[in-house]
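For reference, the structure is listed below as structure tokens.
Labels run A, B, C and D following the written order; every chain starts at residue 1.
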Amino acid sequence: MAARAPMRPLGTRPLKMIKKKPIKTWVTLDVIEKTGKKLSNWGKWGPKDEVGTLNFVGPKELVNAGKMIKQGKAFSLGLPFDQNGPQVGSGWGRRFNPIHAMLASGVDAVAGRLDSGKIRYADDFVMMPLQCGTQWDALGHIFYGDKMWNGYDARLVDSTGAKKNGIHKTRDRMVGRGVLLDIPRFLGGDYLEDGYGISNAELDACAKAQGVEVRRGDFVIVRTGQMERCLAQGDWGAYAAGDAPGLRFETCEWIHQKEIAAICFDTWGCEVRPNESTEAFQPWHWIVIPMIGITMGEIFYLKDLAADCAADRVYEFMFCGPPLPITGAVGSPINPMAIK
Amino acid sequence: MAARAPMRPLGTRPLKMIKKKPIKTWVTLDVIEKTGKKLSNWGKWGPKDEVGTLNFVGPKELVNAGKMIKQGKAFSLGLPFDQNGPQVGSGWGRRFNPIHAMLASGVDAVAGRLDSGKIRYADDFVMMPLQCGTQWDALGHIFYGDKMWNGYDARLVDSTGAKKNGIHKTRDRMVGRGVLLDIPRFLGGDYLEDGYGISNAELDACAKAQGVEVRRGDFVIVRTGQMERCLAQGDWGAYAAGDAPGLRFETCEWIHQKEIAAICFDTWGCEVRPNESTEAFQPWHWIVIPMIGITMGEIFYLKDLAADCAADRVYEFMFCGPPLPITGAVGSPINPMAIK
Amino acid sequence: MAARAPMRPLGTRPLKMIKKKPIKTWVTLDVIEKTGKKLSNWGKWGPKDEVGTLNFVGPKELVNAGKMIKQGKAFSLGLPFDQNGPQVGSGWGRRFNPIHAMLASGVDAVAGRLDSGKIRYADDFVMMPLQCGTQWDALGHIFYGDKMWNGYDARLVDSTGAKKNGIHKTRDRMVGRGVLLDIPRFLGGDYLEDGYGISNAELDACAKAQGVEVRRGDFVIVRTGQMERCLAQGDWGAYAAGDAPGLRFETCEWIHQKEIAAICFDTWGCEVRPNESTEAFQPWHWIVIPMIGITMGEIFYLKDLAADCAADRVYEFMFCGPPLPITGAVGSPINPMAIK
Amino acid sequence: MAARAPMRPLGTRPLKMIKKKPIKTWVTLDVIEKTGKKLSNWGKWGPKDEVGTLNFVGPKELVNAGKMIKQGKAFSLGLPFDQNGPQVGSGWGRRFNPIHAMLASGVDAVAGRLDSGKIRYADDFVMMPLQCGTQWDALGHIFYGDKMWNGYDARLVDSTGAKKNGIHKTRDRMVGRGVLLDIPRFLGGDYLEDGYGISNAELDACAKAQGVEVRRGDFVIVRTGQMERCLAQGDWGAYAAGDAPGLRFETCEWIHQKEIAAICFDTWGCEVRPNESTEAFQPWHWIVIPMIGITMGEIFYLKDLAADCAADRVYEFMFCGPPLPITGAVGSPINPMAIK
């Protein structure tokens, strides 16, 4: 199914692409193992922790987040959930786009089919993979070997759900100061070419150019422009699991050192694809979720927020992206808000 | 299935009930019609409006909402979504509790079943009525005769969803100043008896006693204690669609006059049950959604927030409850946040 | 998703196509109306009938059906239900391929995750449109104007299902004598070109050439070879709702006159596409289901049965295709059996 | 949800119960292991077999099955699939009753909501556990230790389904001669008390009294009357996974020796509950599915068939119960037919 401009007509100006530079496939299983050991946060917040870097957000950070609201503008970063979503073709991991159906409708109501119940109403339900659209990965989503975040046995996520590191543990934690890093605008374009690998230096340089500081406990949202390119083309193509711009493996270090609460992207999987590894699929994931314990947001819709930040040069905001507390889930669909 | 204390052990102190007073069944279809005509907001925000009283929240209200965050405390008002939810028995309107299942698990991962894909992960999906737990009603959820909010034809909500007044239209609007009205605490108890009808005077008196002012554009959250009684008893009983404490029909006037953005409850349906009508089921709904155009939140978990407000005597906070923008949906599961 | 050979490797011999002949778009709404009036079976089995032409199967026909079993060979005519099914692309009417998931697995079992229950097991569930694969249309599936089979108000099929003409009414009726009409083999090829319209004369000539008589109460199964072409190509293409070989509109008369119990095809919708009408989609359906009351089977897998019939020249068999008695459903997935 | 008489009004005559006799809990894990070794059919049909005792049905048996049809009467043994099914309360193993919903309805049609597509239709889908109602267990449903039928590794049933012993492997095998053993009628009552354990001797004596011989390759259907008692009471009670009449563990021997193709019951789980074991849940299952390789049918609706057999004293018939060939499924909902 073709992609659809989800909210407003997209302009017809040709989008300017930032070309990728060559990247090497240097990330062997050995490199992953050493990086994991080096950057592990296991035990940092005690042996019973299940929320990882969200611990970096404390009362002070929350109060500060509220201060970001100066103009009274709210932006939804959630892509519409419907059959026009990015799960096209076979659907990685058997994911599919949301299926929405009615239990009762206005047409039933007007036809008098509900009048015996003395109220005219519509009601509905949905079937959806929890990571089919704008989403959080729970810390139980990715494993390293036989373990997950904080050293828990991966088998604690069985067919009945996650007994540890489920998304419901983060139910009151997904709020804080948000920062947008708009990489293609910083580089003078509209979107990064698929395969463009963002480096630590570029993250820092972008923040500096934007006049914004990345702080401990921040929800860092990185724009690549890939989603907007797909929407403008009316075709998701290989957006889900195919080639994509994204973070280089070296940014594991950046994430660890910055002590941010979460990292979010407008792509399917945050990291550059093709990956810098032939031995692992999404090697950056192997580290950041199970070893660093960072919460990851994916498939964020950033067009409107990015345009506003470019216009007023304010790249910080209050961020609030509460997950659905689905017990034992390893992800959650969300509609994150950025409020300036 | 029995209810379960969803977040923390509930105390064993016997809960104190506030007894109901007799209420009359005076709300005839004629009363409903006259009230609807009197309180109609149709056209108030133009003929194309689909968000109703959410229009009362403007930039000034948003900026003010941010100022509510003074201590850095965040409260989740979302009940866990799982098989222990309130849709017990036959399920009103064929609603059921969420069904969560895995597409891949940690047990698969450890057994090596995923290693051909070079990543070990878990993934999952959910099937759920959009109003099975903590939720927003969209303006397309309730009809008055053949019409819905702003005069749209109810048949615009057909088997393919809501062409008007869908929940996705509110995607960036569910944020503002929140106010808690804790009726049972105000009345000296833990919960209101089923059938207790809250009056306009009680709403005003409660606010006054709490030292909080209800303002234009507020998200007003009313606590009855009913959910906490069910959780303490470990049995939902008739929580869904049965007898309940809640607003009297006269509060349609209060809601209209206060110009609040939304009204939310810890009950299944906000209004008192048995209803004050024998001719209509949920007569208050007939007015407030299709005629006034107010957004309604239901099944909110208020125990922790209420305890905190009682402790610090601060009953105002920033509220952020973004809906999932499911295209054409007439409701959305949510995890609303109150931030003080 | 690509089609997949569902049961056995398909041969590599190039398939021979029977070319279509031009067909005219002569079927106006007026023609449809006149045909419907002429062929209507409404009331034929009383005003309360909900099974239509299945009434042609009586005890005598059942006993005769048993006599068809002479060699002891059973053929499954059901396409596998999985993600490789024909609902590709947007899915006509929002249909999708079956989604199958586990509630417990052997991997859970071996990991000891189920041992507290003292049994090691796997369990699963499915989500599927009832007409996504091999299927029966119930008589409540297609309407003529505001009516359905036997004159019932179409509004008796509302969001809660079919109050009349549901598939469950046929729960013990889908058994009898089966006859295969293998049109492409009769015409000297492997499959009919999309757009090939089968005439009354061809149906009769095929039966005659095959040495089989079509009798009152038969389950007539027509092969076009389209499904096998798709499977051989590994691509469903526009199989679902696109161009297809199939019956001409004139065959409404043939069906009515032959007094058969059911008609089944290896295509998505039995009738030729593009249709012979610009004013109606699937005009033949408008007549045969609501006016004649015939049960229709679609997406039957006929390769093995057809090969066997060609080999032994026996085109009759016992047919047994019981629907799932899903209360109020307007269709059912099936795995029909032909037994010779 | 209350049970509902699924097909016809049930009589009001009080049902007569056959009282249970004491049974011992003698089935230790050691007994199970020894029995499993003794009765194992692993390898009997080669190392690649995935259908077990269905191999006992050959052409001769199929031809003979057809000869059972003498009167032209067909009986549906499928319970309706709907919200009134037996998965009440918590649902063993998270099973739930079928959820049926519409994609388009007759009410949409009459309201003109479908006319742009030039056809008026209804369409629907279902979500259902594959073993929520009348069903087959696949051979991949129950494991013995780390193995399943024919010695396959149980981990071949993972979150993506059964790679071996899936129900789809039996797609053309579920047809043959059927025999009903009506135990309560044989014992002079309407139903067996929960906890009544049927012995080998009783199976043989019942067959003898009925004048029917159980033969190699038969589909043996045993009636306990439990379902009819539940339907008459309008309450499923603990039908699913609670106490029940059923086979004693010793019948593993009977099943093995008789070389029957399948064994089916009107109960949730065929064997007597409480079980004769404190060390295993459903110990008989541990043997008959993974070790003997027999196909098992459960939750069969037998009232009409049993009444007819009692009336004409003919307890044999053609049986046809094709599973839905859901790829990788470990069970299938069915609507089995008995034809006399």
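Note that in this section a residue touches a chain if its C-beta (ideal position, glycine included) is under 8 Å from a C-beta of that chain, and two chains touch if they have at least 3 such contacts.
From a predicted model like this one, the values you see are computed outputs, not experimental measurements.
Asker: Given the two chain pairs A-B and B-D, which is bridged by the higher number of C-beta pairs in contact?
Answerer: Greater number of contacting C-beta pairs: A-B.
Asker: Same or different interface residues for subunit B and subunit C, judged by whether over half of the residue numbers are used by both?
Answerer: Subunit B vs subunit C: same; shared/all numbers exceeds half.
Asker: Between subunit A and subunit B, what's the gap in Å when you average each chain's C-alpha atoms?
Answerer: Centre separation, subunit A to subunit B: 27 Å.
Asker: Which whole number of Å gives the spacing of the CA centres of subunit B and subunit C?
Answerer: About 46 Å, centre to centre.
Asker: Measuring from the mean C-alpha position of subunit B to the mean C-alpha position of subunit D, what distance in angstrom results?
Answerer: Result: the chain centres lie 44 Å from each other.
Asker: Two or more other chains in contact with one residue: find those residues in subunit D.
Answerer: Answer for subunit D, listing residues that touch two or more other chains: 94, 101-105, 107-108, 110-111, 113, 125, 127, 155, 158-160.
Asker: Show me the residue ranges of subunit B that touch subunit A in the complex, using the header's touch definition.
Answerer: Answer in residue numbers: 58-63, 65-76, 78-82, 84, 93-95, 98, 100-107, 109-110, 117-132, 140-146, 148, 153-159, 161-162, 168, 171-173, 175, 279-282, 285-286, 318, 320-331, 333-337, 339.
Asker: Under the definition above, what is the set of subunit C residues touching subunit B in their complex?
Answerer: Those residues of subunit C that touch subunit B are 94, 101-103, 105, 107-108, 110-111, 113, 125, 127, 159-160.
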